[in-house]
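First the structure, which I've put down as structure tokens, then a few questions once you've had a look.
We call the chains A, B, C, D, E and F, going by the order they appear; numbering starts again at 1 in every chain.
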Amino acid sequence: MGRAFLSILRRDITLAMRRRTDVLTTLFFFVIVVSLFPFGVGSEREVLRMLGPGVVWVAALLASMLALERLFAADYEDGTLEQLLLTRQPLSLLVLAKVLAHWLLTGLPVVLIAPLIGMQYYLSETAILVMMLALLVGTPVLSLIGAIGAALTLGLRGGGILLSLLILPLYVPVLVYGAGAVTVSSVAATESQPYFYLLGAFLVLSLMFAPLASAAALRISLE
Amino acid sequence: MGRAFLSILRRDITLAMRRRTDVLTTLFFFVIVVSLFPFGVGSEREVLRMLGPGVVWVAALLASMLALERLFAADYEDGTLEQLLLTRQPLSLLVLAKVLAHWLLTGLPVVLIAPLIGMQYYLSETAILVMMLALLVGTPVLSLIGAIGAALTLGLRGGGILLSLLILPLYVPVLVYGAGAVTVSSVAATESQPYFYLLGAFLVLSLMFAPLASAAALRISLE
Amino acid sequence: MLQVVDLACRRGDRRLFSALGFELGPGVLLHVRGRNGSGKTTLLRALCGLLLPEEGEIRWHGEDIRQLGDEYHRDILYFGHLNGIKADLTGLENLRIAATLDGDRVATEDLWRALERMGLMGFEDLPTRMLSQGQKKRVALARLVLSSATLWILDEPFTALDKDAVALLQTLIANHVDAGGLAILTTHQEVPLTSGRIERLDLGTEH
Amino acid sequence: MLQVVDLACRRGDRRLFSALGFELGPGVLLHVRGRNGSGKTTLLRALCGLLLPEEGEIRWHGEDIRQLGDEYHRDILYFGHLNGIKADLTGLENLRIAATLDGDRVATEDLWRALERMGLMGFEDLPTRMLSQGQKKRVALARLVLSSATLWILDEPFTALDKDAVALLQTLIANHVDAGGLAILTTHQEVPLTSGRIERLDLGTEH
Amino acid sequence: MKVKWFKFAAPANFYPVAGWLVPVFAVLAAAAILAGLYWGFFETPSVLGGTNPQKEYYRIIFVHVAAAWMSMWLYLVLASWCAIGLVFNTRLSYMMAAAVAPTGAIFTFLALWTGALWGRPSWGTYWDWDPRLTSELILFFLYIGYIALHSAIDDTRRADKAAALLAIVGLISVPVIFWSINCPDPTQCAALHQRSSMSHMDSNILLAMLLMAFGFWMYSFATAFARLRGIILEREADTTWVQELAAKETRR
Amino acid sequence: MKEFLAQGGYAFYIWGAYGMTALLLAIEVVVLARRRRTILARLGRLVRMRGNKAS
């Protein structure tokens, strides 16, 4: 079982590395969306500082969601997903491996680039640190929840946008507490502690249930 | 030639109507993205009024871009695009038909729902009117420019996000003048006139060149 | 009519064939043969103008097809590994669009008849997504019934078809060639080809 | 070993077959026949458990396959219309992952040998995207060489293969069946099947 | 007397039962709604006292509250049928779920719309990012998601199951979403909008409101069963009983 | 009557709310009825087709 998990993980990472752009594009998308706002909103320092956390989180949400669309799609189209269903491994384990790979390739880079973005929006150093932490705990939740939607919309025309319709509402709690933690940290960094407890709880819950739900959804979609 | 144009136009609209949700999902995506911001930013009236035009335009950009990803992809995957290349019709004409269908299905609904969004962000009535007009002139430009990117990234893995990387920067002028027109209109509606001239000029230019460029890009992608 | 001069094609970093030359007059069927990966599909796509050959020239009525452009497209019909039909449209709609784009004004009755000829009675009104592998292929091949093109380029048209369909397709090709058309095809299946003049081209021998 | 009781399947709003029943012991090759759209693919997918039949039951060693779940997957190998290989990985990598997921620990040498056996010498290290139609199919079929599954379910495995590959695949199937395995396959091509006991199942007669 | 309830789980048997029930519920709905409207418009004061007086516009309450209640209740019903369908694999429960969804979406939209029209005179704005309003909006998105997913898949069996799974995931998330919007700061929650005066509400108003809510409930039954009949006919089109029925209908 | 319709100057809001409610519910009922008719018509056509084939 462990070997199967690792094998899928390695496979997905290799695939992404073959097309090296894959990793970079999510990142660039995130950066571009965040950088677009000042064009639309104006570039006053106070305004941007207030907007910062919200914009970063919304952009992270969108980036994660966009990349999710392809989470199972490629495997579905070339028939490898069918084959994954027919192996002797528990499907939810394989799903977890795929989600982990996905997060390593799209979520983690976003966390790492956050300081740069924070600077664009004149955030303080504590705020930037809190933002990185919040993203670190929050983005895996996004990937896990998103996997359910990706599995459900597999192979449907216009799937990408349907997917966003289905899962963006489910992302709201993460968005609220993720952005909240950063905003509150401007008072004192410790203020954001309860936010992190909640984000952590979301992570644990989604780790437990999302792979099962995604596996069930995949079985349905491939019927 | 006219018949071929109409035939493609009708085909793409029929295809979208077969899955009636296609049209609605772009719309709902737009609405959802716009509604997400207050969760991240907070819901003070003054802040939201300031953000409104920027958020609406960024959301329109993203919605148009996401839908664009599938503009040629479906035709590419099932081989119909290959066949379009081999007809006796000028390819740029067929491309124009496809872009027009795309705009009717995704751009126009966004224009029509804008007033509702304006209300969520406490915009004044003139501002809402100006926003609708600006979207009406600006969204076709987005579709036309996007088509070039869509043609270039055809069949590449992670194409969606690569596409955004290529075309979002090109969208910036439209974003700046589109959002600018709305913001400026809070002073006086006539203030926004020069913005509209510019948006109109963008539209004319992209109508002339984008179909040709897209056709050339398609030829390259299919080699 | 079709003249291939000193053609060379490369995929990736392997040169598949070079100095390939032949000439085909009306009423000829060319059967391109070769083992898997010998470059048949590559050659056919080059003949359509979808792929730029590395060297050499392809002439149609004496003119380079790159100069001819859309005019050349009027005279050819290409059928590749992909079916080229939209899964969400019915067989009828697919066929109508194909005909319109080829510039032919075809009556709906003719479309029905073409589909019926392909053994799709009762399935014309289903989205092709709901058809089996072979039925999809039949829908795609219905274009042959209506086509007014002179040069047919068919890449493995027989796969996934059952016996009846194979026989039908054979007749179609034979009729086309007998009427002075040109056909170029590949197939691995043992299909007896019985048309006017049959030529064979073997690829991949140098490999 | 495999027992099909009173099976009925429906696609869309058409019932494809009903009251289908048969039993296969070891060393049997079942050739499912029928015209395009008669339900062969549907039956094969149901036998894998990928598709829930409308009625009836499929038993493996006397137990319902739905109860068996992943245990049943250990014993079967399915090969469908899609190749199930990743275009961006090389043939070798594709094969290694397939073997790992099947739970077998396979040495790299065996992988090389399997690919060589399929006539892919010199192509093992290319991303499969760069292979021709038939070569892709060969990569996918290399799984058969390594497989330890008892029941092979093959949906049109011969399409796109050239003569050598067809002959090779025939030998593979024959060896498997002679060694007490079970194979179920469909094909429209005229391929002489020469294995232990051959049974035929004709679908679509009621249509 | 022992009733074999599971007998009705077969669409063929439930079809006539539903046909029977539709007019009954329709009549009940019409009666309750008319009575509620009468009571609401003619037996209630035109100004509600208090520190912050509500003028005539408070009469929106009769549609607003009824629609808001139905929107939440119907989602619960929808998700329950979906769960039953997934567990017992009964076709009828999926059909029930699909039949309820559009009505639920309509009521959700109405709660939003009427709330907005109430908010303008009462709060001075059509929309506010108040927790209850916002979660109603999200509920609307969930309904739309269910319907969109269901209609995006044309293999009905897959559509049923996939949409059912989505509905259940949504059901689990609704409380979390509601609570996260309501308490954007985990240490203290924002106030709910006007949770207050239900207990000391004018009894006439209460009566009218309850009548309207009952009427909407009955209306939901009627439309859901009517839609269910359509769905059954569509999906069982090639069974003999439907064909006999169709033959009978056309002969008439 | 006029006074009733005016609703103390809040006619727009009240009738806007009730009007939309009435409209949507009415549309739903009409759509349901129309859909039933089309389904029956299609089934009828199917029956006739089958009948023709049998005879």
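Simple rule for what comes next: contacts are C-beta pairs under 8 Å (C-beta built on N, C-alpha and C of every residue); 3 or more make two chains touch, one makes a residue touch a chain.
Chain by chain, the UniProt names read as follows: A, B = Heme exporter protein B; C, D = Heme ABC exporter, ATP-binding protein CcmA; E = Heme exporter protein C; F = Heme exporter protein D.
Just so it is clear, the model here is predicted, and its values are computed rather than measured.
Asker: If I drop chain E (Heme exporter protein C) from the contact graph, what connected components are left?
Answerer: Apart from chain E (Heme exporter protein C), the chains cluster as A, B, C, D | F.
Asker: Between what two chains do the most C-beta pairs come into contact?
Answerer: A-B
Asker: Centroid of chain A (Heme exporter protein B) to centroid of chain C, CA atoms only: how many Å?
Answerer: 46
Asker: Nearest whole angstrom, what separates the Cα centre of chain A (Heme exporter protein B) from the Cα centre of chain D?
Answerer: Whole-Å distance between the two chain centres: 37.
Asker: So which bits of chain B (Heme exporter protein B) are touching at least two other chains?
Answerer: Expected reply: 15, 19, 21, 25, 28, 32, 39, 74, 77, 157.
Asker: Could you check chain C for residues that touch two or more other chains and list them?
Answerer: Only 81, 88, 127 qualify.
Asker: Counting only residues that touch at least two other chains, what does the list for chain E (Heme exporter protein C) look like?
Answerer: 141, 144, 148, 152, 155, 157, 181, 237
Asker: Give the list of chain C residues in touch with chain B (Heme exporter protein B) in this complex.
Answerer: 48-52, 70-71, 73-74, 76, 78, 80-89, 93, 96-98, 100-103, 127
Asker: Which bits of chain A (Heme exporter protein B) are touching chain D when the two form their complex?
Answerer: 3-4, 7-8, 11, 14-15, 18-19, 74-75, 77-80, 82-90, 94, 222-223
Asker: Can you name the residues of chain E (Heme exporter protein C) that touch chain A (Heme exporter protein B) in the complex?
Answerer: 138, 141-142, 144-145, 148-149, 152-153, 155, 157-158, 161-162, 165-166, 169-170, 172-173, 176-177, 180-181, 184-187
Asker: Write out the stretch or stretches of chain A (Heme exporter protein B) touching chain B (Heme exporter protein B) in their complex.
Answerer: Against chain B (Heme exporter protein B), the touching part of chain A (Heme exporter protein B) is residues 19, 21-22, 25-26, 28-29, 32-33, 36-37, 39-42, 47, 50-51, 53-55, 57-58, 61-63, 66-67, 69-70, 74, 77, 156-158, 160-162, 164-165, 168-169, 171-172, 175-176, 179, 183.
Asker: Under the definition above, what is the set of chain D residues touching chain C in their complex?
Answerer: For this pair, the touching residues of chain D are 11-12, 34-38, 41, 81, 119, 123, 126, 130-135, 137-138, 156, 159-166, 188-190.
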